[in-house]
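These notes open a run of structures that come right after.
Next, two complexes with chain A in common: one pairs it with chain B, the other with chain C.
And now, the complex of A and B:
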């Protein structure tokens, strides 16, 4: 083994740990779990009641709309899409930051994401719910919502698979499903943590049910880690496709200002931009109230502001490309539209609100002070959220109100129902967000444990006075000084924490007939456990498993396992989805009821690509989920090891090694002695 | 460039390989071959220019853009390394930096493109905007727009600006990087990190408008807002495959074998895979929206590429440039195998040339594909310039940034895939 770089005495530019201060596995588990275990701070109730009241306003508006008709909105001809689709695109966009953080940053190994991914993924789900309302209600006839699904109507006509609106349905429902699965899979280890910390039977049962019997087995982690990678790999193109498909709603038409080729990547960048703004909008107050400054550090805010700057500038680039090509193309309609938008139309104010909020104001993030001052960031991201709403308003309303023919020009005036519906969405979003904070761990506990310095066997500890200082004994940057001010990281425990009562040599399992399940031992830290696992396998034991609060790098090899074959299931799912989609669309559109739409040929494949892509991802994701559950043998609500008095630490800060009685080499006394000889504590043989 | 004098350098202890600049003797054989190739293809280009100017300028542009956008891609990766404060790619950064050395000769080699344009042999807008003002309404409007945009002083000034941005940023990044080899410390790291973000923004804008001015305007009444992104997507892919080939060649010759390992190349391969999908996404978005909208001024681009055997090339493009590399790079074993990685990179590089050929040549031969010997001479010459400039760098400066503040992270780096 070549010496690792971390053995060098002084890194000239030390990496700042992602979690600041002396956090350890135990304290991280407690810090995050206690938010859901203790009573909420006083402000939570007024915030919840206000949000819920706004939500009721939204429900009222939707009820009025459905019972009366679409005329209660300001939408008209030519502005047939107005607040409804603006809100739809706005909320879909908000969701994108969650997927970017959970999937794309994961693929790029940006580990700072672990502090914020759970929160943003939850926001994704709530935002997609807010968006998903509009396809259902925007024609005012909710009882026809089933028309969106691939079911034939009375004349045996199916949906038009060449329509961008139907692609939207496939894209958004796939996105919602995959995001929900990704979020839930990420939650499983943390739900297990909550279960094992539970003081009341109710919490234990609820979280026990939701955690599916997760106990941090390495045989599970080995599939879990690969499944997580698969979800990230699937979500990355998915998130790009979703806002691209949303952009097709506009770009496939010929309306000036809508039909332009940069729309797909431009919408995606805008979505991530707006989504990051919303994440910060919610995260900055939550971080302050729940004292999460050591987990969601000022560096996290700094980096997220850089993302806002980058994506805002990409969006600004797209605005400029549109404007430039409108002129350069020599297309008078296109130029007329942009002149109207920017200079001489009825909605120039909206255009400049958009330009100011999205392109100009975020440029303050070039300055470090602006990125690292939470209250200031909060102000800027508010502007960004406003700007992104106006962007969609400009694209939709401005382009529709002033198309090719002066005779068809018109104006849009929102009604109180429009406003109430829009505000109601915010009520829905914040109600769900507050409930989420209340009920579920808002930081991915297991993942944060995995990025603590103590989880990194190569982390180089320096004497406390030297912490984060460079070769010359100075802090290389102001950030290093800030992080160092919160104290150096804790070192891993070297001794197993004691248990008030001695652990019996034979742990009885209620209802057992006396046969043995196996032996188990606790170790102090991941390194010791890794070492012990290697010794156990070397001693000839085969049915070995390690139980850890997070995946310890190298553990699956140590217990004699290889890389999970789960990706084959993902591939099979993808191919199944693709084959189903090809069959569905070509059969329905070219044979069952051949239809020509937009002058395209029956079998022209291009228009079917969005549906084929979405179904590929949907099936691949579902197969991954089911194969993960199947390969891990979950749900498994009861396990003999649960009777071991300290075993519930395996989801918090404990490291366990087990040898099953089925192992031919197993013998209760010898195995127990062996586990003790390799340094195991709390060693016990457990009844099956 | 005094800082890059090899004698002034102290190499840190514990480097797994010699990082000293290659001695001239190590590349003498390769240099002779390269020199012969450059001389041979250069002579062919001169003959071509005299014999068939129209074909020459188009083939020349094809070869030129192939090398240029790879060099720009290398500049992009150099800058992104600093923007992201990356650690794992420190060793690779030097290869990218050396590739950007080609920007200087390529700036000189841009002159024939300009001559082609201003002799009316290359861009058809030249005759249009320098002709009389049309009387028909739509054409008249078009003429006024193009007349303003392609006005000679404006065009030359902005082209000069693009090259100035590229040369400045690439030279600064190389200079500071070489200086750090001598003096070490973190001040230069922070300086490069401070300058890099503006470089990425300016690179994006300048290369977009370069693509508009030189490539998109080959069919001057055609337009596509995504075209700049399409141009980068190709260049970024091209530079990645080039860097893989350069690293594999260095490793095959026995250099950096323990410094830039398969762990690093595995990550590069993942990014190549990602950009394979990204290119497809951009290419499909452009095609799809134009196909769906079906407006004559937009569809002309694809209609032209449906004539004769161009149609076959059009259909094969996504198969060869997306499907094949997608499955070549999908298995983990391929991403970690030097052989498969070399195959995939070479394939992507050839297909990148194919893509550019498909973008440029139909303008000249709009009936069907006419392969000309200049279509081989020009890209070989230009890639020769690129490789020569890169190799020159390996003679001048250490093979990796020996005193980079993040060097420890790149050495002994392990890929953490589950």
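And now, the complex of A and C:
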């Protein structure tokens, strides 16, 4: 092993590991899984019951609205959009942090994302559900919600594909679908970990079904890693498109205060800003009560605060620029709206709440103490969440209440139904979040294992006293001292952990006809397994597979495989989606029921781009999911290897190598002896 | 560690998956067959208080539609005839065509009391759609286009979908359904030899200035 310049013993600036303290594969699996396995802390039930009660209030409000009519809300001309769309945009915005963390940071190889991506992705999904309620109920006649989708119907009428509201429908439903798939695909290895750790039959069956029969096969990891990259690549433009499209709902109209080209970037920055704030709002308490400080370190919080500072400043710049352009344009309608908004109107207070919470308060994050003190961060992000809600309130309600003609000016007064619905949304969000914490691993276990120092074959271990110190024996920064205080990292096991009972030479499987499936051996760590796999292939075996808790770098080449062909399916999906969208919109809008919108030609294509884009992404994502499942041969609930006494370690901390009996070179005795000769333990031949 | 699931489960799951796909396809196809007006409306044949036969009157006897539905050329409504119209022929004191038939008792009672016969309505458009009979027949759209071969119906049945999409098909391209205004109530009219309905319709559309509107407020006012 050649030491790289960064890892020499006298590195002047040693790299701080992403997980602090002595963590190994086993302890990470246990730490995260036990949260769902052990009884919850005393506060969980009260918190859950309060959230569920708020949720019931929201259900009550929605039921009253649907049964009585839209008039029970305070929205009325001129403020026809008020709390409903404010909440919709607020929640959609919250939903942006998850995908940013999971997709964009993945593409930029920001590995610190592994500690927080699962949690943020879950919040994305819950937030989009909270948002998705409003398009459903704000039309009043809930049972006609299907009118929003282009389904063939007896009326032969279809949606206006040049409408920003329809783009919004496509964007949000695509975003929800892709986020859900991304989240679930990320969960599969961890669900398998939970399945293999499960003691009760119920948990085994539930997680067994959800994990689809994932066992950490390298033949599966090979497709999985590429599929994950594809999802990240698809989600990155998608996440940017969603809030841009939401901003088009306003920007394509003519209302002063809405009709601005700055909206898309300003909304996207605001969404990331608010999303990070909400992630921290939920993550900081969860991190404290579940003692996750070694996985979600203070550096994670620090970096997220920097994101909040950066995006908050972009948003603040947009606020100032809107105001400046309103004055500088010389447009009297624009200027009177902004003058009313900022200086002399009925909603000036809301404007300054927004300015204070979003632009001014986050500036404290220039100071390190403010970024690294969790309770203080919690207070600041609370202000940010309030500020972001007010941002949408100001944009929507203030602009509508004061448009072109003084004759059409009017006030908005929320009713109790508005308030109950809004609070109910928070109830829904926290109910889902608490259930998620209770039932599913809130940290991506398999991914965190992959970034442990022990997973890096080039990691240079130094004597404990030297850990994270520079060549002068001092900690180069305060962060190094903080990380070092939690202890040096564990080293990988060099011996396979023993099993209480001896592993039989022939493992019998239930319902077998006596033919053999193959031979399997356990190894102590990834490096030994990689070495063994290379030797096995060199010895002439072809049907070799490695089974690992996370993807061990270089393993697919070691077992004689190449890069997965899965991207071809993704491409096919994207082209199918694009072709379907082109056919759909042109057939309907230019041929089937030609409609003139905004004085455009029937065939003018520019306004069809958002729908085409979203359908391209949607189909590419679905094809990726199905091709991943198909190429891996999942679901595969029964596998002969399951009967091997220690094989369930393959999703926790065990490393296995298997040779199938179909291999022409396979012979039970020789292959077993070969596996033992290259250092395999718990070697057994398994019945098919 | 023992296996969680049985060896047979994977096969069952795949079968169930195929079954689910088939079930979804069946539900969707079934929904589109049974929930559309082509199924829910077409074929509706209510029993009427008087077994009036259009087949006899409009078919065999060759009575003009407008003899009974007399305001069809002037009014948005084609109008159901009053009992007096029936009595033009069936009055025992006048022409006395089957004047004493027990089947006509409700009609005679209606004339005596002044209360109309309670005919069961067959064709009913939703209240949010505006339809004008006069405009259609005066532009050469025959009764048969919307009501079917009434001259062959013993009991009137709902023959066409009368859904919005069905209306739009003709509004989009009406030529096929136009005929000379004088032939509108002739339910057995056929285009003259050597000419297609489309050619005749194109000429009529020019002469009668047929411009079937495709905008929403034409029907939803």
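Criterion: the second predicted complex is superposed on the first by the 677 of 688 C-alpha atoms of A that agree within 3 Å, B and C clash if a C-alpha of one lies under 4 Å from a C-alpha of the other, contacts with A are read in each partner's own complex, and residues count from 1 in each chain.
Please note the rule applied: a residue touches a chain if its C-beta (ideal position, glycine included) is under 8 Å from a C-beta of that chain, and two chains touch if they have at least 3 such contacts.
Here the structure is a predicted model, which means the values were calculated and not measured.
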A:240 touches, of chain B and chain C: first, second, both or neither? first
Chain A residues touched by each partner, larger count belonging to chain B or chain C: B
Which of chain B and chain C A:609 touches, first, second, both or neither: first
Touching partner for A:157 - first (chain B), second (chain C), both, neither: second
Contacts of A:331 with chain B and chain C, given as first, second, both or neither: first
First (chain B), second (chain C), both or neither touched by A:593: second
Contacts of A:509 with chain B and chain C, given as first, second, both or neither: second
Touched partner set for A:643, first chain B, second chain C, both or neither: second
Chain C-contacting residues of chain A that also contact chain B: none
Chain A-touching residues of chain C, taken from the complex the two chains share: 1-10, 13, 32, 36-38, 161, 163-166, 168-169, 214
Chain B to chain A touching residues, read off their complex: 14, 16, 87, 138, 141-142, 145-146, 149, 184-186, 189-190, 197, 201, 204-205, 208, 212, 221, 223-229, 258, 270, 274, 277, 281-282, 284-295, 297, 405-406, 408-409, 411-412, 416-418
Sites on chain A touched by chain B in the complex: 2-6, 8, 11-13, 15, 107, 109, 222, 225-226, 228-229, 237, 240, 244, 248, 251-254, 259-265, 313, 317-318, 321-322, 325, 327-332, 366, 470, 476-477, 551, 553, 563-564, 598-599, 606-607, 609
Complex interface listing, chain A residues touching chain C: 152-157, 195-196, 204-205, 208, 213, 509-511, 593, 635-639, 642-648
